[in-house]
Amino acid sequence: MAGNTFGQLFKLTSFGESHGRALGGVIDGCPAGIMLDIEKIQLELNRRKPGQSAIVTQRKEPDTVEIYSGIFEGKTTGTPIGFAIHNTNQKSKDYSHIKDSYRPSHADYVYDKKYGFRDYRGGGRSSARETASRVVAGAIAKQFLTNIKINAFVSQVGEMKLEKDYKELDFSKIEANPVRCPDMETANRMEEYIKSIKKQGDTIGGVITCVIQNVPIGLGEPVFDKLHAALGGAMLSINAVKGFEYGSGFHGVTMKGSEHNDSYNSDGTTTTNLSGGIQGGISNGMDIYFNVAFKPVATVLQSYETINKEGEKVTTQGKGRHDPCVVPRAVPIVEAMAAMVLADFALFARTNKI
Amino acid sequence: MAGNTFGQLFKLTSFGESHGRALGGVIDGCPAGIMLDIEKIQLELNRRKPGQSAIVTQRKEPDTVEIYSGIFEGKTTGTPIGFAIHNTNQKSKDYSHIKDSYRPSHADYVYDKKYGFRDYRGGGRSSARETASRVVAGAIAKQFLTNIKINAFVSQVGEMKLEKDYKELDFSKIEANPVRCPDMETANRMEEYIKSIKKQGDTIGGVITCVIQNVPIGLGEPVFDKLHAALGGAMLSINAVKGFEYGSGFHGVTMKGSEHNDSYNSDGTTTTNLSGGIQGGISNGMDIYFNVAFKPVATVLQSYETINKEGEKVTTQGKGRHDPCVVPRAVPIVEAMAAMVLADFALFARTNKI
Amino acid sequence: MAGNTFGQLFKLTSFGESHGRALGGVIDGCPAGIMLDIEKIQLELNRRKPGQSAIVTQRKEPDTVEIYSGIFEGKTTGTPIGFAIHNTNQKSKDYSHIKDSYRPSHADYVYDKKYGFRDYRGGGRSSARETASRVVAGAIAKQFLTNIKINAFVSQVGEMKLEKDYKELDFSKIEANPVRCPDMETANRMEEYIKSIKKQGDTIGGVITCVIQNVPIGLGEPVFDKLHAALGGAMLSINAVKGFEYGSGFHGVTMKGSEHNDSYNSDGTTTTNLSGGIQGGISNGMDIYFNVAFKPVATVLQSYETINKEGEKVTTQGKGRHDPCVVPRAVPIVEAMAAMVLADFALFARTNKI
Amino acid sequence: MAGNTFGQLFKLTSFGESHGRALGGVIDGCPAGIMLDIEKIQLELNRRKPGQSAIVTQRKEPDTVEIYSGIFEGKTTGTPIGFAIHNTNQKSKDYSHIKDSYRPSHADYVYDKKYGFRDYRGGGRSSARETASRVVAGAIAKQFLTNIKINAFVSQVGEMKLEKDYKELDFSKIEANPVRCPDMETANRMEEYIKSIKKQGDTIGGVITCVIQNVPIGLGEPVFDKLHAALGGAMLSINAVKGFEYGSGFHGVTMKGSEHNDSYNSDGTTTTNLSGGIQGGISNGMDIYFNVAFKPVATVLQSYETINKEGEKVTTQGKGRHDPCVVPRAVPIVEAMAAMVLADFALFARTNKI
């Protein structure tokens, strides 16, 4: 509601702007009794943080999470977990050039129209810096979901596509390269490509694939809160996402029912899995897999023409520290959102039956 | 929450099973003072109802909506609008063959696991018959959104694709053929194709495109409730949907930022619209457009092998009255969901500023 | 949210006006597997319905509940339970005298100001007739809460007070008299008093006491959703309620901590129970008890002066069928609201721990 | 939901324990464009903070609020306002004596049962220290509600009652004495009485009265979210509250309808105001007034017998820094909760009509 709370039982309420004092949030509804590994939370943040490799933004932020409440003697207490990540490397003067003009395909213009004015420094609340709070909450959700395995990876950069089925991949290789593509050969090509794009002062889009394994049967609520609807809504809320498909996805529209149906084995598993692990909005125990499409980052380090507040044409030079391709750093965000959705539904599922 | 309420300020809470006494719902938060045209609501229901043409299910239901409250002297009063649609043509015995076995790629199995048992008649709550309630709520939302124009249409059936840009289409032709594709030539080919699929006892997937025009600037809430995230979640909650993309969508991932950015004209409109009318999750006044992918209907009128409750293999013959292709009837549902999302955010937008 | 949904996991969304076609609602979140006794629901409705004795309104309504969904083979399915109660005995012309004028201490004036106009027939949505939906939902909640015992009764009418502790009372006598006071001697005096008030064309206030027994430890959520805060908010939402107190209540303010504290027995029970079964907002297993204050019904069958829409003074004669004292019929409503609150928190409590 | 979010459009999500690193929260939904006076927020916190006079707890906390987000160039931006108040004067070892035993009439026992263990230091989350976050949010809500005047004051301590009608009082005197009773003579007597109670190592209850003036007509939502139901629920969520009444309250039950009704003047005001400014759950523009009953603080600095985790009887000596009477410091909390309720409904009211 009103944009800054995610989830209904396992909930994150987040706050923070790109160049404000701190980002953070409150995680409410996390069950008591989880022995939290704080280091694991920080490791997830490190996967998302800027400056980690040559193909991401060079803003230097330690992104250290401070946890203020909700944990006692190492365990979650069932009370809300408040946390903050202080900003340390704001270079707000980098943004004075956009104070009065609107960057194309950014939120500058609509924020001004919606709220009457805006915190223009680094995009303010519309900056992807906000996703750090999601990663914290997702890292905690992961520790609640002890058996479920969530692995996201980059499967496409521009036209360059990873052509293997996820079952042929070794997920332990995801972190072995800066692109976060588990196929090393493809990863290398993608890395070179991103570097060449960066050299042009340009940016490029990409796709993240996410695979969720060991999901218990029965997660998801019929009708409006189908599991894939919640996953899709969650992914589409990540900055720069333009599309979502699960299971057979857009390709499935070309199939016949007789080809598309997944036959049952005696144990309730299915021989194929075009359903993508979800039937009627409810997990069926098979792997859940989906693709998330990211557009190219709007900030290009090139000269461009736009308008100012008065509607006058102005020519501006793109500046600031930005990602040439957003997908490598978005991998932990996709996982975090998936983890929060599953944690939420896992709690819901406890209320289904007498 | 818990699956049966949609929206936060303009809200539909729906109820009803395929073969129960009635479907219906409560629309809460609809502003007072709308002079409601009940006939228009019924017309939307008629677009969705079964038996309207040779290419849809032959179940005969009048789908007459009865409104119980919330309207006085023709106008909405600001109090909840309760309504029901009585089922009249249930043929529950058609379903006795699935009482103890699980239809592939249906929700039968997961419902049993989740709730301990299920209303197996016609798929119970998992039936798309539930969407009738959405169409009622959407038809009321449309009457609240007086200036906004929402047009959905079929743009793909199987491999057969409408290759025109939406701007070349005449939306007044959408209702001129049973497929609901505004290009008559393509519509005819699609219709023939669906008939041939039906003859095989098979089914086929499709894509619906939706275009929303005259949207005021400023709808959508930052971060989790971005306008496209809400639209995507809404569409993915419709039965059989496997994917959603808006603006440049999955194609956008192959583009560079310098190609993808939409330049501003002096009046705040943009020269191109790859953003799809939404920037940073907030409408920018340009056309919103998106695609929704539907899988083929799982019920095929062929013999198939599956398991029963005991996990034993059984062979069953597909029966019942079903759609060979779901997209023609899903057009008004897509529009209804879009209308509800917009009505919700239009109310929210009233709270943005002092 | 927006006034017509109660609860967060066990939820009622209600609709309906006093003189509309039907009242009803949707109960969402009721767990699957409850063998529902429909007759018990009707019996609760009969306790609330008009015309049941000489001391209540003489409007004749069968108040028959029709259940449309959510039940299969006698059991709840986990899907929403839609229901309606059709109005049959509307005498709307009784209300033409208030079409253009505002009854004192009714909602007529504020509805007109808030919504621009109002359904004036019988008070429209502001009529206590709306509480029938609550009774249906409460009756279902009671059947979910198999061990918990909820007993409400009339403990005061005007100055006439039941001076016994609830432990001295025989709750099985509550239904033995039309006042719903379990002390027969007091009940008789109250009944005579209400009759004399009625003869004067006047009305009188009263208090309902509610006692909840066998509550498991741990219901209620800390901080904003304390169990007693939810109970209090629920009771205050019932028409004509002016006050709520639990445990030591308003009397407790005069006590010292050393007198007020409840000492623990070895088994965790307490020697006294001034806490009223709730500590820190969470049930402690002791009896929960509280008082609910009802003002006198505003409609008096006397001549009175008021204003019309133009702000002109008009003299009107009170008409219509009304209760001289609202508390006897409000007893099942208090119980219903208590049952819904407990059902909601019972489901929440399942999510507290790993 | 889940206890730590208050409000639906103007929302506070709070976090923090008595002896953790920090308390704080996120205020979401605050409209953009409010020129926030941060000093005023701090002044409200100072009214609540410990150590401000001889009759309150001697814990020394600066209670300095740090605001992390949501404000730019002095104005609210419409994005969430994150804030923290760091704890500095924790004396956690004061609480080692209660680590294994349960203080009577505290939440210790139920927290252990509900969550499996508890943060026992200073009561953890169940400490009234949590209310600091409410005061911050309330202070911001007050600055949004520019015309509405909210004044709370102590009207009773133990048996000692302020016998004047609120209209005879000078609210500017509320802050003129440490009791926060605007009648100086009564305040002096109350202060002496509290000091004598403190000397005994005991505590005493009290009543706070709150008066809200200049309320626009139309705040409050019918049925479940009546304005007084929301106010009552809000007040009952404050630590130690046992009762709530508004308008004629519990006294109203003894009145007849003919006495209780408030007659209209030509301008829509009423000659009397037993309704307490609310009719049918909706503000009518008259003063809203209500009473909130607080029990005596449970911690007495005396020896007492209780049980430990094993259910064994133990004798303990009450220790720590506590208030002998909670009402003086609760005055700003009551005002804060009232302000949040009104801000929430003021935003809702914008959605009532087309």
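Every chain is named by a letter (A, B, C and D) in the order it is written, and numbering of its residues begins at 1.
Quick note on the criterion: a contact is a pair of C-beta atoms (placed from the backbone, for glycine too) under 8 Å apart; a residue touches a chain by one contact, two chains touch by 3 or more.
The chain lineup, named per UniProt: A, B, C, D = Chorismate synthase.
If you're wondering where the values come from, they're calculated on a predicted model, not measured in any experiment.
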Of the pairs B-C and A-C, which shows more C-beta pairs in contact? B-C
With chain centres defined as C-alpha means, what is the inter-centre distance between subunit C and subunit D in Å? 26
Geometric centre distance via CA averages, subunit C-subunit B, whole Å: 39
For subunit A versus subunit C, what separation do you get between their C-alpha means, in angstrom? 46
Residues of subunit C whose C-beta touches two or more other chains: 1-5, 8-9, 14, 29, 32-33, 78-79, 114-116, 125, 222, 351-353
Once you've mapped the touching chain pairs, tell me: line, ring, star, complete or other? complete
Which residues of subunit D touch subunit B in the complex? 9, 29, 31-34, 78-79, 144, 222, 347, 350-354
So in the complex, which bits of subunit C are touching subunit B? 1-5, 8-9, 11, 13-17, 20-26, 28-29, 32-33, 66-70, 72-73, 75, 77-82, 84, 114-119, 124-125
Which residues of subunit B touch subunit A once you look at their complex with the stated criterion? 1-6, 8, 14, 102, 104-107, 109-111, 113-116, 125-126, 130, 156, 158-159, 197, 200, 202-207, 217-218, 221-226, 228-230, 232-234, 236-237, 239, 242-250, 252-268, 270, 274-276, 279-284, 291, 293-300, 302, 304-307, 311-313, 348-349, 351-353
